[in-house]
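Below, chain A partners chain B and then partners chain C, in two separate complexes.
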Partner chain A sequence: MLRNPCESKEKSLNQQIMNEAFFDKKDYKSLDRVDGRLKVTGAARYSAEYQLPGLVYAVLVESKIAKGTIKSIDSRAAERAPGVLAVISHVNAIKVPGYQTSNQHPSEPPVNGQPLRAFYDNNVYYNGQPIVAVVASTLEKAQFGASLVKIQYEKEQHKTDFDANMDNAVLPAQAKKNPKSPVADYNRGDKNAFVNAPVKIDAEYVLPTEVHNPMELQAITAYWEADDRLTLYDKVQGTQPTQQHFAKEWNLPPENVKVIATFVGGAFGNGLHNWPHETAAIIAAKQVKKPVKLVLTREQMFTMVGYRPYTWQKIQMGATKDGKLVAINHESVGQTSSYEEFTESTLQQTRMMYASPNVNTRYRILKLDVSTPIWMRGPGEATGAFALESAMDEMAFSLGMDPIEFRLMNYTDSDPDKQLPWSTKYLKECYDAGKEKIGWDKRKMQPGSVRSGEWLVGYGMGTGTFGANRGAAAVRAQLDADGNLLMQCAITDIGPGTGTAMVQIASNTTGISTDKIIFQLGNSQFPKAGNQGGSSTVNSVGPAVQAACNALKEQLKTMIASKGGSNAAFASAKKEDIVFVNGQVQIAGNDSAKVDIRTLFKQNNIQKMETTQESRPDENRNKYSMYAFSMHFAEVHVHPLTGQVCVKKVVCCGDAGTIISPKTAANQMIGGATGGIGMALTESAVIDHRFGRYVTKDFAEYHVPVHADVPHIEVFFVNKPDTLADPVGSKGLGEIAIIGVAPAIANAIFNATGKRIRELPITPDKLI
Partner chain B sequence: MIQFQYVRTSTPKAAVDAVSKTQNARFIAGGTNLVDLMKRNIMTPEKLVDINNIPLKGIEQQGNKIVIGALALNSQVADSKLVQEKLPLLSQSLNAGASAQIRNMATVGGNMMQRTRCNYFYDTAMPCNKREPGLGCGALEGFNRMHAIFGTSEKCIAVHPSDMCIALVALDATVVAAGPKGERRIPFAEFHRLPGDTPEKDNNLMENELITAIEIPDNAFTRNVHYLKIRDRASYAFAVISVAAALHIENNTIKDARLAMGGVSHKPWRLSEAEKALIGKPASEKTFRNAAEIAMQGAKAYKHNAFKLKLGPNTIVQALKNAAEPV
Partner chain C sequence: MGDNHYSDQPENESFAESRRNFLKNTSLLTAIAVTPGVVAKAAENDLGEKIASAFDKVPLKMEINGVKQQLSVEPRVTLLDLLREQLNLTGTKKGCDYGQCGACTVHVNGQRVLSCLSLAVMHEGQKITTIEGLTKGDQLHPMQEAFIKHDGFQCGYCTPGQIMSAIACIREGHAENEADIREFMSGNICRCGAYPNIVDAITEVKNNGQKL
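Take a look at the complex of A and B:
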C-alpha cells in the first residue's frame, strides 16, 4: 500500500532531464553555467562579501507599531555600548539632498507615489519600518547596540486588514489620469454579455501575501570614496537604474555613483525597487566616514523589500452550452501601502488569452498601513492566472468538457485585446506535448474517480503568458590577438544564467568556442542595461551581444579586405559567413580565405579590437502582439482523511522562442514550478491585525517548499524562434515558468477531491 | 546577542555545580533551539554550561528497559538498530522532526527541553505570558492556527513542539535527572506541564536539574506502530497534528494499545481513554473511529484552529490504520 506518495517517490530525475531532454536542434548546445564553479566553491562574491578597509556594520531597528509618530528615541545606552560608532535616526540623520528637493522621488519611479524616506521624519507608516540604524565596529556589537535602543510612539489607529477594508479600494491615480493606462477599466464588446450567457461561473479568489524570500538576504555595502563619489555593492536587479536613483537622491553626477552587483543570490523581483535600507546604509557611511555594510535579517525581508500583494479577485465567466466563451468579467483588488500605489498586470491575460468577444476588467488598489509591495516572479500575471485558469477549469467542468478541449475551443490566433497578429504563438504544441507527458488520458472528468491506494489522484492544468518584453541595451566587445572575446554589460544576473546565455549567443554568432568568451556583468560602469526583470534580459541584451559580435566581424572584414590579394574575398563576404576557428578568421565554405588573428593584429599594429553596440526594440512591436506562453500540468495525490497533498509530477512546456541556454532555461522552469508549488500549497505571510504585524516571518513559519514537496518536474520547450520579437528569437521565460502552476495544482486537487479551493495556499485543513 | 559566560563540563555533577553557581544559567547541548532564542533575545542566560563532553550518548538495553543517554543525538537514536528493532515508534517520530542537519546536532535531552514555537513567544514585540509573565497571551485572540485544543488556560494556548516526546509519552518512558540533591526519576507523562497560571514553566524539572537519560520499558509494540505527522509542507515543519499509535494485535484483536497526540497541547498528549476503548476490540476502522471520538472529548478550539477538531480524529484513525497494517 502506498503510505505517502511523497515519501516513496523516486529520486528526482530533474538533473537527468536537464542533461538529456533538450533537443539541440541546431543552434544552442547545453553549456554548464559559466560561473557555476565560482558559485559552488564560494569564490563568487555577493554584496555582503566585500571586506573593504575600515568596514563597519549597521543594524536596523524597526517600528513595533503600524501607524503613528515617534515620540522619542532613547539611544543613550546604545551609544555607550562597546564598539558603537553611531545611532542614526530622523533626529540626527544628515539631510539627503533628494529628500528635500522633490515630493515625488527624483528618479523614474517603478511605483507611483512617495517612496518611504529613511530617517526622514517621525512618521510611522507600517509595522517593521526602519526607524534607527546602529553602526558599530562588528556585526555583533551593532546587534547588541540595536537591542538597547528604546523608542516611544504616539500610536494611531491602523488599518491592515484587507477583508475588513475592501470597500475602500480605489482606482489607481495613474488610471484616473490616463484612461489608456493598463490598470484603467477595460471593456471589449457588450458590457452586459455575462448576464444572458447560457452557462455561468461566478467566483471569488484570494491570494495571500507572499514574500520573495530569495536565499541571499538583501545586502548593501556603501562606501563614500570621496565626498562626492559613492560606490555601492548592492543586491539589486539593475545596476544602472540603481545608479540613476542614488545619483539623483544624493544630487551627484551619475558617473560619480558606481553600483556593483556581480552576483545576486536570487531576487524574484525584490531588487526592482530601491528601498530605505539602501539609503540608510549610504547615510550611515556618510556619517561615520567609513564603508558600511548592512544586511537585512530574514524577518526584515518581510517588511523592507516588498512582497506579492494580498489580492482579491472575482471572475464572472459565461459560455454557450457547446463551450464558446461569451463573456469574462474579471475584477481585482490588490493591497498597497499608504504612501505608494503599487499596481501590476493581474488582469492583462484575461484580455488576450481567450477568444471571448466580451471582456470587462476592473482593477483597484487598497491602501493599507503596510509596506509597499513589489513585483514578485510572474508578478500580477501569476496572481491573475490563478483566478482565470481556475475559472476556466470550473467552466469546463460545468460544461462537461475536457479542460484542454475547452481551451482549444476558445483558442485565439490573434490578440483580441491589441487586435494584432501574434509574433508567434505555439500554445497548441505545448498542450499536445504536455498532455502526453503527464498522462492526461488517465484523467477522469468526475472528481474522485482515480485512486492510488487510499490516495485520491487528480490531474490539472494551467496556462501562463507574459509579454515578450524588450528594452534598449548595449554591449562592449573586445577581441584580443589570442582570439579571446571579452564582453561587458551593466545587466545583472539574479540567477537565470545570463552570463551563460550571452556566452552562447556570442559563440553562436562568431564561432569562437565558449571557453574563450567571457561575459562580464553587474557593474553600472559597463554599457547600458536596465533591470533584470520582466523576462526581458535575453531579448534585450542578447541582440546587443549579437550586434557587437557582428560589428567586430565587420571591422575584421574591412581590415582583412584592405590587404588585398586572396583576402579580397572578405570584402564581399556576408557577415554570417565570417567564422572564427582556432584563432583564425575564415569565410565559411572557402578554405583558401583564412587569416590568423594574431598575425592580422600584428600587421595592423593593434593589441585588440573593440566595439560597443546598442540594440533597441524595433517597429515590429507596433505591428505584432508579442507574448511568451507556458503550459503546466500537475498530477496530485490527496489523502481523503488527512488532507495531505503530494504533488506527484509536474510537466511544464514553454513557448519562449529560441532556447538559448538549454540547461539554465530548464533550471528556470524547474525553479518556477517550485515557486508555483509554494504559491499553491504552502506560502502565506500572515498579519495579526490587532498589531498590524506579521506573525509568520521566518522560514519555520513562512513555508517555502522543501525538496520533499517538489516532485519530478519535466520540462519541454517548443524551441521555435520568434525573430519578430528580437533578432535572437527569444521571448523570455523567467516569468512564464511560474504563471499557471498554482491553478494547475488547484485544478488537479479539484479533480482528485471535488473540492474547489479558491483561497491559497491549499493547506491540509482546507481539504478535510 | 547579549553577552554571556561559557563553561564546559565533563561530568553531570560538575555541570549541575556550574549551573547552580549563577542565577540565570542554562545547560547547552546541541543548541539548536537555545541559540535561536538567544539571538532573538527571547532567552538571555548569563551563563551557558556546555554539557557536550559528558559521556551521556549511550543507547543500550539494561535489563528489561532501553536506556538512552540524554546527549544521544536525534539522528543517532533514530538510526540505532536497537531502537529500530524494539522501539520503532520512537525512531519514526524522530525522523519526522526537524531536518537531517538539525537531527545531527540536537540531543534527546535538548529535544525534551525545546520551547514552544508559538509566533507570539518568538516575537519580543508581541505579548506572551510564557516569555514574560503578565504580558498576556497574544495567541488567545490572535493567529492561533497552530495552537492547542487540549489543556489550555487563559494564560497560554501554546503547543509543545517535539515529535520525539509524543512517542516517548506513548511508550511510558521515564526521565532520569541529576540535581543538587542527587538523582531522581520522573514518569514522562509528568515531565511536561500544562500552562495553568504558570505558562513560563514548560516542565517539572527542578532548578539546576540535568536530564541524564531516558528509560523505556520493553514492550510488545515492535511491529504495529505508526507516527503520522500532518504538517503544512512535506518536511521541516512543525506538526499541525501528529499521532503516535502503537498496537499489539493478536488474531486481529487489539491486546494492548498506546496513543498520543502532538500539536494539540502544551504537553505531549497521551490518550489513555482512547487506548482503553481500543483494547479487546478488533483492529477495524470502526474501532479506530470510536477511539478517535473518545480521544477528542474535551477538546476546545479557537478562532483559527477549529479544523483540528476534525483533523485530529481523522489523523488518529489514519495512524491506527497505518499501525494495524504496516508497510
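Take a look at the complex of A and C:
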C-alpha cells in the first residue's frame, strides 16, 4: 500500500488549541460556526448556485498568444451551433460607458495603468486573456460553441521571463509622484552602514508566482432586472466595493447595483479586485437580455483573477560580533502586468521589526506580458518575511547564536519606522510559549546533528507581523419582542467565520444567548463595509456590532427610565451593566431592576427596536503603531537520499489581540500554516517562455498541500486585548497566520541539512 | 473503488430498454466524436439542430437520494453538471472538473465517485447519494455532526466532498488510524487548510463505531 513515509502514529494534538485553560473565564468561548449546518448539508449557496428564471451560460475563450493583436475572429460555426445565443467579442460587444474615462491622449500610456477591459479592443496583453464569450442555453452548448471559435492573431515578441528582463524593473509610478509612498525608497540612519559592519550576510531570495486557487471557481451570475438595474451574485470579497466598481463602470447610481455574496468559497485575496470575466458576464447578460452565469475553469483561475507575483529580493544584513544589528538593506523586484501597476508591502516589516539603526529599502516592479497580480494571503509581507526571516536565521548562524536569542537581542519596544510606541506587542510571549511546545531544546546549532532513523531532523522558526488594520463599518441591529437580535452588514465571509465572531461579540455585549442572534452578511444593500481583506474584518465590523448593541441598550434605557417608578434605576445604569436575559432587560447586580421586553414594546406600541451604528478608526491610529505579531515554529524531517521533506509538526503562536472566536480563530491559524507549507515546499506556477503560457494550470501540476502534507498543528494565542487598536481589542489574524511560516520551514530544512535554499518552493531536487 | 459498480446493478426491463436507445444514439455520436471535422462541417451546414436533437434524446433513469428520477440528458453531460445545473442539487461542488480536487465526490451505489469525471449516462439505473441525501429529516449524519464539532471547514466549499469521501473512507476500512485517513483523504483538497480538524472529525466518527 502507498503510504506517506512522513506519517507518524502520534496522536493528534489539535484539540489542545481549544484547551480553555488558555482562556480566562470572562473570555470568549468556543462556539460552533453559526453557518456550519448550512455548509455541511450543502444548503449554503455560492455565486454559481442561484437558479434564476431563464438563466443561460457563458463560456470564455482565451488568447493563445502572449502579445499582439487579434486579426480576425471567425464565430460563424459557433453562432450556428445549437443553443448558442451570442458570440461576444470586441467586434460586437456593447459599449461599456465606464471604459471611456481617460482624458489622456490615446498614444500616452496611463500613469498607473488600468485594469484590463473585457472585449474593449483587439489588443492582446497576455496568454490566457479573455477574448470571446459564447453564450448558450446550457453549459454544454456554450462549451461546445466556444470550441468552434477561431481566432487569428498578429503576434508580437512577448516578454514573460522575469530573470531575463529584471534589468527593466522600474520605480512604481505612485512612488515617483509621491516620495512618501510606502513603496518609495526608504532610508533610516547611515546609508552605507552595511559596508563597515563586522559580520555580514548578503543573499538573494526568489519567490515564484503562486496562485490563490480557492476551491470555489470564480463565478458570477449577472442579471439586468431592468435596463438600469443590475443584480450580481458574485464571488468577491467586498459587496459594496464591487457595487461601487460596477456602478461606475455602467454609469449607474450605486443603489441600482445589487451585489450578493452570501457564501464565498475561499478567495485568499483574488476577490479584492474586479476582473474582466465579471464585466464579460454583465455585457453578455445585457446583450442576450437574460441572466448569465459564468464560471471560470481551473485553468482560467491562473490567468484571470490574479496571483502572488514572482518576486526577487536581496538582503544585506550587518551585525556586531555580539549580535546587534547595525544595517539591513532590503531590495525587492515584483512582477506586474504591462497594463496595470500592482504593488505590495514586501519591505514594510524590514523597516519596523528589528532595532536596526540603519535600514534601506528599495522596491521596484517589472512589467511583463502577463496578467495583473493581486494580494494573496499575507500578501507582500509573507513574501518579504521569507527573505527577512531567512536572513535573520543566516545571520544568527554566522554569529553562532540561537535564532530566538538573536531576535531578542534586536527586539524593539517601539516602532523604529514610524517612531511611535506599539499599541501592544506580545511577541516575547509568543517566543516563550512556542519554544516549549515545539521542543526547541532538542534543536542543535550544528546542522545535521539530529536524526530520527535515517531522517535528518531540523527545527526552525520565523516571525510574522501585519498591520492591525481597521476601516469604517456599520451594522444594523434589530431587537424583537422575543428578545431575538438580528444584525446586518454588507461584509463578506470568505471562510474565517465572520458571522460566528460577530454573533459572539453581540452576545458578549448584550448577554443575549448566541442562539438568539443572527448576523446576516454578504449583501451590498446592508449597512456599510469594505472588503474582507487585510485582516481587518473583526477590527472593523466588530466595533460596529458593539456600537449597535450599545445603542440598543441606550434606547431601551431611555424608554424604561421614562416610565419612572422602580425602573428609574435604568436612567443611571452603565451600559456594561445592562444585560438581556430570557427576554428581559436587567441591570446586573440589581435584582429588582427587571423589565420584560415584550411588555415594554407593547406599552410603547412598537414591534421592534432598531438602530444602525457606524464605527470608525480613531485618533489613536496617529499616536500608536499598530501591528499583530506571530511566531511560527516548524520541525521537519528530511531524507538525505531522496531530499523528501516532511513537516512533522508546526506550532503557531499569535499575538492578535482579543480572540473573539477561539474555535474558528485556531482553524484560521492552522489554515495559514497549511498555506505556508505550500509556499515553502510545493507551490509554483511555471510559464513556458517560448509561448508565454503557464504549463502548471491544474492541481496535478500546481501542487497545493493535501491531507498527507499537513501534520499536527498546534495553535496558541496570547489573547491580550489591544483596545487602542479598536474597542473589541482585536488586531486581526488572517495574514499573520501565514506570514513567517515559509521561512520557519526553510530554516528548519537548513538546520536539518545545512542546505540554505533561497528559492521557493524547496522541492527535493534542491536538496540532493 | 473501481468499476464494479457498473456490473453489480441488476438490469431490469426498462433500464435495458433505455440502454439500447442510448447505444443507438451513441453510435451516431461516436462517429461524430471521432471525426471532429464532421461536427464543424455539420454546424456550417446548419445541421447543428439535428445533431442537437440526437444529443438531447437520451433517457436516463437513476435513483438520486432515494428518489427515482426519469431524466432526459445529453450524453455529454457529466454527473456533476446534471446534479448542479439541471437538478438544482448544488451541494455537490465543482472545484476543478478534472478529478483532481474531490469537491464533486458523491456516492454511486455506496462508493465514492468523482462526479466530474463521470458522464451522467454511465450511471443508468444506479443509486446516487449526494450531500443533500445524508440527512434524515432534521437529523444530521454523524459525519456532518462531527465536521461541525471539530470545525472541519472554513469556507465550506470543499466540505460536501470531504464529508462524502470521509464516510466512504471509513466504509472502505481506510480510517484505521490518522496516517491512513490522511492518505486516503488526500484526493479531497481543502485550500482553507482545515485538514487536521477533518482528520479529527473522521477519527471520532470511526471510533464511535456507528454503521455508516
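One rule holds in what follows: the second predicted complex is superposed on the first by the 736 of 768 C-alpha atoms of A that agree within 3 Å, B and C clash if a C-alpha of one lies under 4 Å from a C-alpha of the other, contacts with A are read in each partner's own complex, and residues count from 1 in each chain.
As a working rule, a residue touches a chain if its C-beta (ideal position, glycine included) is under 8 Å from a C-beta of that chain, and two chains touch if they have at least 3 such contacts.
Predicted, not measured: the structure shown is a model, and the values here were computed from it.
When the shared chain is aligned, chain B and chain C each come close enough to touch A:Glu140. Of the two partner chains placed by the overlay, only chain B lies in contact with A:Gln644; chain C stays clear of it. Looking at the superposition, the partner that touches the larger set of chain A residues, chain B or chain C, turns out to be C. When the two complexes are overlaid on their common chain A, residue A:Ile73 makes contact with neither chain B nor chain C.
Of the two partner chains placed by the overlay, only chain B lies in contact with A:Thr763; chain C stays clear of it.
In the overlay built on the shared chain, the residue A:Phe263 is in contact with chain C alone; chain B does not reach it.
In the superposition on chain A, contact of A:Lys64 is made with chain B only, not with chain C. Residue contacts after overlaying the shared chain place A:Ile494 against chain C, while chain B stays out of touching range. Shared-chain residue A:Gly36: touches chain C; no touch with chain B.
In the superposition on chain A, A:His707 contacts both chain B and chain C.
Counting contacts by the rule stated earlier, residues 3, 7, 140, 144, 698, 700, 705-708 of chain A appear in both its interface with chain B and its interface with chain C.
Listed in rising order, the residues of chain A touching chain C in the complex are 2-4, 7-9, 11-12, 14-15, 32-33, 35-46, 48-49, 51, 76-77, 80-83, 138-141, 144, 148, 213-217, 263-266, 268, 295, 297-298, 494-497, 663-664, 666-668, 670-675, 698-700, 704-708, 710-713.
Those residues of chain B that touch chain A in the complex are listed here as 1-3, 41, 117, 119-120, 122-123, 125-126, 138, 141-143, 145, 228, 230, 232-238, 240, 307, 310-311, 314-315, 317-318, 322, 325, 327. Chain C makes touch with chain A in their complex at residues 40, 43-44, 46, 48-49, 51-52, 55, 74, 76-77, 81, 84-85, 88-98, 100-101, 103, 130-132, 134-135, 140, 144, 147-149, 151, 153-160, 163, 177-179, 181-183, 185-200, 203. Interface of chain A with chain B (complex): residues 1, 3, 6-7, 64, 140, 143-144, 147, 639, 641-644, 646, 681-682, 686, 688, 690-691, 693, 695-696, 698, 700-701, 703, 705-709, 761, 763-765, 768.
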